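Each of the next two complexes has chain A plus one other chain: chain B in the first, chain C in the second.
Presenting the complex of A and B:
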């Protein structure tokens, strides 16, 4: 019994130590990425940075290839949410005058960027982790280091910059599609007047600021978490599989935690008037 | 012999499992030293310690009179210029042509402009008889060709200096080869062997070769270090190794499945 307890404590202790190491390493990857951007800004030609045209390639990969995925997903969620909101209202008051305005505030301050972030965490996070993880287990990362290249500058910085830009762009497009899909659903299913639904009067600058802050935060978190998971890949293809799974879970988790923290901070800053 | 590279009482464990248990080895300048031993004995681990791709748990590693095992990652670039490595799987970057692969260390280590680096890369590829394939992608080539291109890339990363013909050229002082002939057909393997020997003979490169390949060992090695149970069991010339009466050495070089050697997993 005593041995069982000691063994349990040792296992728990080892897990805690591993978790602390992982958090510290993740933080170091994030700091190194920011440092890599600064190095990139001040770098003379032929320095130790990213390959030419890599940011454009990543913008295409993250943006173009996620576009359909985002608009279809957010469009359907917009329809379902509006339909459910109208359905509940029909059972209580039958007054749909506030549906569009409240839906817009919800999309702009939360669902637009957060749902886009969640979608990108699965699609982009998995892709980044698989690519970097494969390079890790086939020693290509070591080969980069031997060629005088900093792997974080070369692999993570371009994805970081592209991800921030494209998360902002895709979240904007996704939010517009979500809002439009909701308006059409409200009109066709519940007879809500489009002029009433698409009333922007209640939208404030602070909602759009929150939209931008969340989009940028998610766009920054996904490539760092996914890149970190890829860089920790060990062994062979099995290790890449684990890294990819960890990246999807970690990126999604990061989006949810950041959503909570940023929303809480915004409530604090605005005194609860969001 | 004055040691150019020296491993002193090196220990390394992975997840608590010891791999190197006090390994010591001295390698002379310009020497072609083979490190041999069974799979998982720590041969590749040993050479990766020299260039900071792995960190030792205990012991010391010296290169050209300087202790190198404690150099932080950010300061390792000069060492990695002087000591290059050819990896087991070539590790060419799939999205780049051979010339672009070889140009990468020229741009990063030597701050060369893109086109100048590509021109120089073609000359480095000619050195390994691969100039006709400079614009091809790694996936279009055989394993042997990729290995030779990887050698060219490693040479490109070294410091610039004049070769015996008086031309300005780059090459490292030491090249570490991780199983350079594994997976190659016999002809490609002998071509790679010839390249390694040429580098040592014509440019004075010190070559440290991890290998299981007896024809390579007995044709180009100056000396051979046999790694067994985490330490260097024997260091000998190929002739001495062949004549050794040590039963463990004999079992390994004759490839006998039964004998005194303890092989994990069998």
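Presenting the complex of A and C:
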């Protein structure tokens, strides 16, 4: 019994120590990324930083390549959510006049950026970790360091900038698709008048501010967490697999926690009148 | 840099050339140039469609093989229990945390109404309904896909690229029966079990947020859940989770056993598996909601 308790405490302690180490390292990657951006601003282009055109390339890989994925997933979830909401209302009041307005409020202030963030955490986070992890285990990162290039400036900074821009763009597109898909579902399945559904009366400036804040926060979190997991990859193919798994979990969880924190802060700041 | 098979290297240079070259003047856009552009776009779309068809077909074939292997149910019991433990027990913390935050989030979204109309008795209605039917199962499935599905792909892919599957075949052990079937069964069972746990944790999360941020009593929340939620709301999310578990299992095993090419290939397989799982979760969710309400 005593041994059981001791071993339990040991396991717990090891987990806590590991977690603290990971958080410190993650924080260092984040700070270095910000420092890398500042360095990139103060230095002339084409120096020892990232290769020319790297940000554009990353914009293409993060943004354009995720376009269809985001449209399909958010479109379907928009349909499901409207369907469920109408279904529930049909049992209680049968009054659908509020569905569209409330759906818009929910999309703009929460679901649009958060579900886009979850989807990008899956797709982009796994991609970044797989790529950087493969470079790590084939010692290309060490080769970069040997040639006097900072891996974070070279690899993570362009992805960071591209991810922030593209999360904002994709969240906007995703939210529009979700709204449209919801409106069509409400019309076809429940006979809600589109004019009634696409009513922008309840949309406020603060909802859009929340939308932007959330998108930027997720866009900044995903490449940092995924890049950190990739840089920690060890061993060979197994290590890359582990790194990719950790990146998906870490960045999805970062999105959920950030969403919670930002929503709670917004509720406090506006005094509940969101 | 990693070279991508499905994203050929020349497309990168092509993109760079496109972005760095001066924009074409209107005179340059001859009908032939436009036709060429259209043909390239069509070609890309067709290649994508063929790849998707190939992947879906491969998963269906794998599902058929798994079903076939189940007919006289001879399952390696040790492998099954090992996977049940690894996929289920070890995922409880992450699933519980996700569910807790998901429940809290839904309560935060319902918060403004509750404050505006003072309708504390209805607080549990919106939050509980959204959590049990949609947000809970979907978020838990996505986290499960990230933790267990991706991990499983990485493991199977590593075994494939190190030729351990061929080794099993050489010993006359069917890798589908020995490796894939226990994993599929374990994933379906465990996602189901984790969703049941997660639903209750999510309701607890909603109550905690309601108490801490909106000042609603525990008992008010409890009655609000009990009065407004029907057992079917709970069941609806639960049987969806069975379908999600099947989809995650199929995509993760398929990409695990069909991987090619070393460490780079393993990373790409994991990436493809989680993307396929996310898309199939959303599609299944839609069709199940539509057909069964």
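Please note the rule applied: the second predicted complex is superposed on the first by the 264 of 274 C-alpha atoms of A that agree within 3 Å, B and C clash if a C-alpha of one lies under 4 Å from a C-alpha of the other, contacts with A are read in each partner's own complex, and residues count from 1 in each chain.
Criterion: a residue touches a chain if its C-beta (ideal position, glycine included) is under 8 Å from a C-beta of that chain, and two chains touch if they have at least 3 such contacts.
Only a predicted model underlies this, so the values are computations on that prediction, with no experimental measurement involved.
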Partner chain(s) touched by A:6 [first = chain B, second = chain C, both, neither]: neither
Which superposed partner A:138 touches (first chain B, second chain C, both, neither): both
Which of chain B and chain C A:146 touches, first, second, both or neither: first
Larger contact residue set on chain A - chain B or chain C: C
Partner chain in contact with A:110 - chain B first, chain C second, else both or neither: second
Which superposed partner A:14 touches (first chain B, second chain C, both, neither): neither
Which superposed partner A:77 touches (first chain B, second chain C, both, neither): second
Contacts of A:38 with chain B and chain C, given as first, second, both or neither: neither
Shared contact residues on chain A - chain B and chain C: 138
Partner chain C, residues of chain A touching it in the complex: 53, 56-57, 60, 65, 69, 72-73, 76-77, 79-81, 83-84, 87-88, 106, 109-110, 118-119, 122-123, 126-127, 129-131, 133-135, 137-138, 236-245, 248-249, 252-253, 256-257, 259-260, 263-264, 267-268, 272-274
Residues of chain A that touch chain B when the two form their complex: 44-48, 52, 138-140, 142-143, 145-149
Complex interface listing, chain C residues touching chain A: 1-2, 7, 12, 15-16, 19-20, 94, 97-98, 101-102, 104-105, 108-109, 111-112, 115-116, 129-130, 133-134, 138-139, 142-143, 145-147, 150-151, 153-155, 157-158, 161-162, 213-214, 262-268, 270-271, 274-275, 278-279, 282-283, 285-286, 289-290, 293
Chain A contact footprint on chain B (complex, rising order): 48, 51, 53, 76-77, 80-81, 84-85, 87-89, 91, 93, 104-105, 107-114, 117, 153-154, 157
